[in-house]
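What follows are several structures.
Below are two complexes that have chain A in common, paired first with chain B and then with chain C.
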Partner chain A sequence: MSAIERPQPNKTKTFVDMDYLLHEAPREQHFITGAQAMAEAVKRANVDMAIAYPITPQSEVMHLVGDIYAQGHLKEYYRAEEELGTMSAIAGAARAGVRLFTATSGPGLLRGLEAIASWPGHRVPAVLGVLTRVVNAPLSIQPDNIEMAYLMHCGAVMLHAENQQDTFDMTLAAFAITEKVDVYIPVSVSTEGFFVTHAKGYVDMMSEDLAYKDFDSVAAPVPAMDNETPPARIQRDAPVQKSNFMSYLIHSVWQQEIWDSNRRAMKYIYQYLGGPIEVVNPDADVFVIASGCAAAQGREAQRYAEEENLNVGLIKVRAIRPFPIDEINAAVKNAKTLIVPEHNIIGWLSKEVKAAIPNGGIVVEGPRVYGGMTLPVELIMKEIYTALGLEYDLKL
Partner chain B sequence: MSLKYVTPAKVFKRYLPKDYVELVDYGPFGKTQEEAGPQNMGQFKELVEEHPMCSGCWMAYYIRLIFASLPCPEETVTLGTAGCGRLAISQAAVPFIYGNYGDQNAMASGLTRAFRLRFPDKTKDVITIAGDGGTMDIGFSMTMHSWIRGEKFTTIMLDNEVYGNTGGQESGMSPKGAVLKMAPLGKKGEKMPATDLAIAAGCVYVVRMSPTNIKKAAQIIRRAIFVAREVGPTFIHAYTSCNIEYSIPTEEVFADAKEKEKGRFAFYEYMTDASKEVIERVEGEEKAAKKALKAARAEAN
Partner chain C sequence: MATDKKRYNIRISGLGGQGVVTTAHILGSTMDNAGKYASLVPFFGSEKRMAPVEAYVRASSEPIYEVGEVVYPDIIMIYHSQVVTHGKSYTMPFYTGLKPNSLIIINSEFNVLEEEDKQVLRDLNATVVQFDATKLAQKIAGTELATNMAMMGMLLGLTKLVTTEHIEAAVRERFLGTSFVSSGGTAMLDSAIEKKFKKKEQLLEANMNVIKWTFDMAAKVDLESGDLITQIDV
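On to the complex of A and B.
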């Protein structure tokens, strides 16, 4: 086997742990797009291999990852044939014990979903960027996070970024979380296409000379299939053909383990990201609960409400999986109304919140926008006024 | 790490299954083809011992042959997809990756590149072994693109010309006119020209055969693996009948395979100049080593 020629890094990196990288390393402010923020995180994550396939609005991310590969920040990068091939190749490469990244959007996520859904069961420690858009048809490429609803039941850890800074921090943290021995399932980082990926925002970033320490495949709870790492991952008595009973027993136990792994990710969400939710004005009667870009609009609505002397709070949900049931319950125990604005038609977040709390009747499902529309703060304000028994003159 | 990778600590040995311990103590890991090749099938400790395939399954025989022919089983990883073949492959004492439907060549692309990244100075053989459905139908795009990208691994298609495992449906590799489930009036289209497609897509070593001759079939498997290590993608299209779905009596399975050799599975071998160079060099080295061993034994006697 011959070595492959690869671009060489033009600088010597200092390898550090994720705690230092995220919490201690000095940072400088940059004004960059969400796509740039994700690629900059990949640069500092010391990724071994990235596999790309284009789809708008994700393409920009993997273009930029290709650029940093050419600069020597990654060891391997290629454009696969389509999303199923991409996600399958990630699963194959994971068996060799390398750190992996790819990203997709909307229909691309659904096309690759068969393979993605198998990643947790395969114990693939990969990071998946999800730059959300509508799912066809009729054809549109606009932002809408409905595809996250399909991803929610795959077993992967799911983080949802509000803005460019979140995109950077969450993507970096995702690499540490996915590789934890007691997690070792994929982590997705979603953010709204265009609204975040193609728009600039301020991002505080550490030096690109710092990089997350190397992936240690020997420390993995599931050994790489590299014929180097004992115990040997060979199977002389495959369960499925021996007995259907053994087959479903093993599969059901494994499913439980995947979802337990998902729950175990929570402590690392605290460690690296400060927790799965952010609460503004915890003593409020009325809360806006939102994730992603809807949280940014919710934040504005909370600020407007504060200016108008209305007692309104905000709960920003950072982690969709594991879903912060206990944290939300604690935060809303005295609340009278929960308003859940969303960027999708089905309202997957409001359903999650309703299911999480004992008094789901206090949840206002909406406002919702979808298909690429922006979410006017005024729509949230109208719900706030209604919840407080006040009249609101809605002008859009 | 090779044999050491599968060797258990002494204290654990008594608790491990007997067949595993015997495999480590007497198996083919770290041995030459002379010592452990297909000529010793049945008397040597092989990589596939028992399997759950149907009586008279020609595919099961060929899969055993594949494992007995591996140049370096201790550094080999196999990948496959749904289908009868998977049942035997997953029981072999060589790592096996089962992904999703038809994605074995995409997975192998990632695996091979990652192996070369992590072990640039080692030889690790990657082989996809899948049926005609997995390779040419559901996995067609991923198979073709792995070849077009020039991925350095071997693809072996177990062509039984039908979906055996799901109950006998028509596949793209079924011959025209075959009456099969989902082709109740007979298959309309032609059998897909798999070897032509492989050559067009950039495979550097391609063989179509009905593996009735053990020695020749083993040589082809080894050639494909040696060439893939150095030159590019290689492809073996082997006839492995489904005696159940095509109603071939067990005692006539071999005769059927011989018969197919005269028709659409007539032996065909294609290689590029670069592949030929590798084959001549490797087989020359093996021949010289064999000769030297023989001379050393004669001298010792």
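On to the complex of A and C.
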């Protein structure tokens, strides 16, 4: 189709609020990939505009978002020149008051990071899919989730999906959370590339005839620029030109406001996703505490342990930012050992958990795999056995 | 090899273009059609023919949470003898992590295992089923591109996880459905096959003939015979 010939929706949609969409609308089970799940969420989120630059393993998601644009579900979609251009364009489009989606992976996230780090300060209400991938040389395209560590200090709300179902639900919820007036900062939804994006799993989805109600740009804390609101500079006079004193004062106050906005997102994580953590077998002495795909491996380990009559629990962390400090403290107050399996070499989650609880010595930092390698459940079982003072015979 | 397990962790190793990833998708959908559970993940680097490709399928009567590559498989499928002889595998040697009393299916008309390998597999009480899946695909479907159907038929025939009806629905969805996202290379291969068969229905029928043929072959295999290698002539 030509640039001026926009695709038209072939169906009339019913616009509903996010509570109805996530909690009440009837759902039907589908066996689809994580990439399909994320694109299906974008379809139901009534997104206005998507911009992206392709990078494996994100490319399948944005390819599918391109497909749903062609089917008339989005008003605008284009491929930017690279990731800094993508993320800057998202910030620019946010000024026009539209609902935005983009996604990237590993090195792409880092290339766009300067712009992404400025999104919260600019109050950009965008949803960012992070389909995780290794960052450093030598080249690989596998699902190390180390780029999430870089994102952790940008101010964005961060959700981490365990599987295809989480990818769908969290992506949908992210659009409602990011647009709350008391939040109004970007929300990222991460999940492991390939292990989820290119793998099939079960996803309960509501009808695609249902869509999240239109974006209300008038309710924004930062007014959109349109014919009613003429173009205006965000800062009439740049503080740095007034004085260095004002510049750092304004910036420091604004940083506090951003992190307060981040904390205020917690109540919506409860509202839409049932809370920032999930606890299985709360009375256990030994817990596996994990996020993303490591939580899937931990869930399997917890099931194996139960079959072997071992008293082991699981704490799945859904929200990385805001980090659920109080919730984790309450869940582990009687625990003797916390095993933190991770898909990255630095162990960002174990560091967060250690910092969150008063008795960090009970944290086992690992097992960890990196470079995008798989995390065998057997490695977690070995740590569980060790924690319980038992021998575990692990052969490779 | 016990065929009454609650769950099978399957590792498929082959070369680019042999349909390893396609097999994983169809196997997953087949289990879904049978009302059982599956999860799958492909593993490959630069897309090109003859480069190593692996895919992993977990198949069970219970929900599956685990993701990622299968490090400890119950079943290993080898789509090309070069996986063994040239080490064209992401997992070296190819039987690394194999659980005791497990099954290996190899596409080969001749023995590809060194004496050293055989000893390791004997110690694990493994069973190896070997047959020329490529030759069978050419004979029944008229194309080596149905090699994956022969391999999948043998796996499902030996494990009796599903019926041919469940497989047919999955193969139909893969080639005639609208929901499958294929990479550029795979899409090209698909269109090459389409041209060859003109009609997709014929492609489906040819694939199903290969699968039914391998089901019949599998029915004659005695997994409890105690022999390490069962060679089937095609």
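We take it that the second predicted complex is superposed on the first by the 379 of 396 C-alpha atoms of A that agree within 3 Å, B and C clash if a C-alpha of one lies under 4 Å from a C-alpha of the other, contacts with A are read in each partner's own complex, and residues count from 1 in each chain.
Operating definition for what follows: contacts are C-beta pairs under 8 Å (C-beta built on N, C-alpha and C of every residue); 3 or more make two chains touch, one makes a residue touch a chain.
Quick caveat, the model's predicted, so the values are computed rather than measured.
S.K.: Quick one: name whichever of chain B and chain C touches more residues of chain A.
M.R.: Tallying touched residues of chain A, the top partner is B.
S.K.: Touch check for A:98: first (chain B), second (chain C), both, or neither?
M.R.: After superposing on A, A:98 lies in contact with chain B but is clear of chain C.
S.K.: Of the two partner chains, chain B (first) and chain C (second), which one does A:49 touch, if any: first, second, both, or neither?
M.R.: first
S.K.: Just chain B (first), just chain C (second), both, or neither: which does A:225 touch?
M.R.: first
S.K.: Does chain B (first) or chain C (second) touch A:82, or do both, or does neither?
M.R.: Only chain B is touched by A:82; chain C is not.
S.K.: Where does A:115 make contact in the superposed view: on chain B (first), on chain C (second), on both, or on neither?
M.R.: first
S.K.: Taking the complex as given, what residues does chain B use to touch chain A?
M.R.: Within the complex, chain B touches chain A at residues 1-2, 5-6, 17, 19-20, 23, 49, 52, 74-77, 79, 87, 90-97, 99-101, 103, 106-124, 141-142, 144-145, 149, 152, 229-230.
S.K.: Where on chain A is chain B touching in the complex?
M.R.: It comes out as residues 1-4, 48-49, 51, 75-76, 78, 80-82, 84-86, 88-98, 114-115, 118, 122, 217, 225-230, 232-238, 240-242.
S.K.: With touch defined as at the start, can you tell me which chain C residues reach chain A in the complex?
M.R.: Chain C reaches chain A through residues 25, 28-29, 32, 37-43, 45, 64-72, 96-97, 179, 181.
S.K.: Please output the residues of chain A touching chain C within their complex, sorted ascending.
M.R.: 31-33, 35-36, 60, 63-64, 141, 163, 192, 194-196, 198-202, 293, 296-297, 299-300, 303, 373-378, 396
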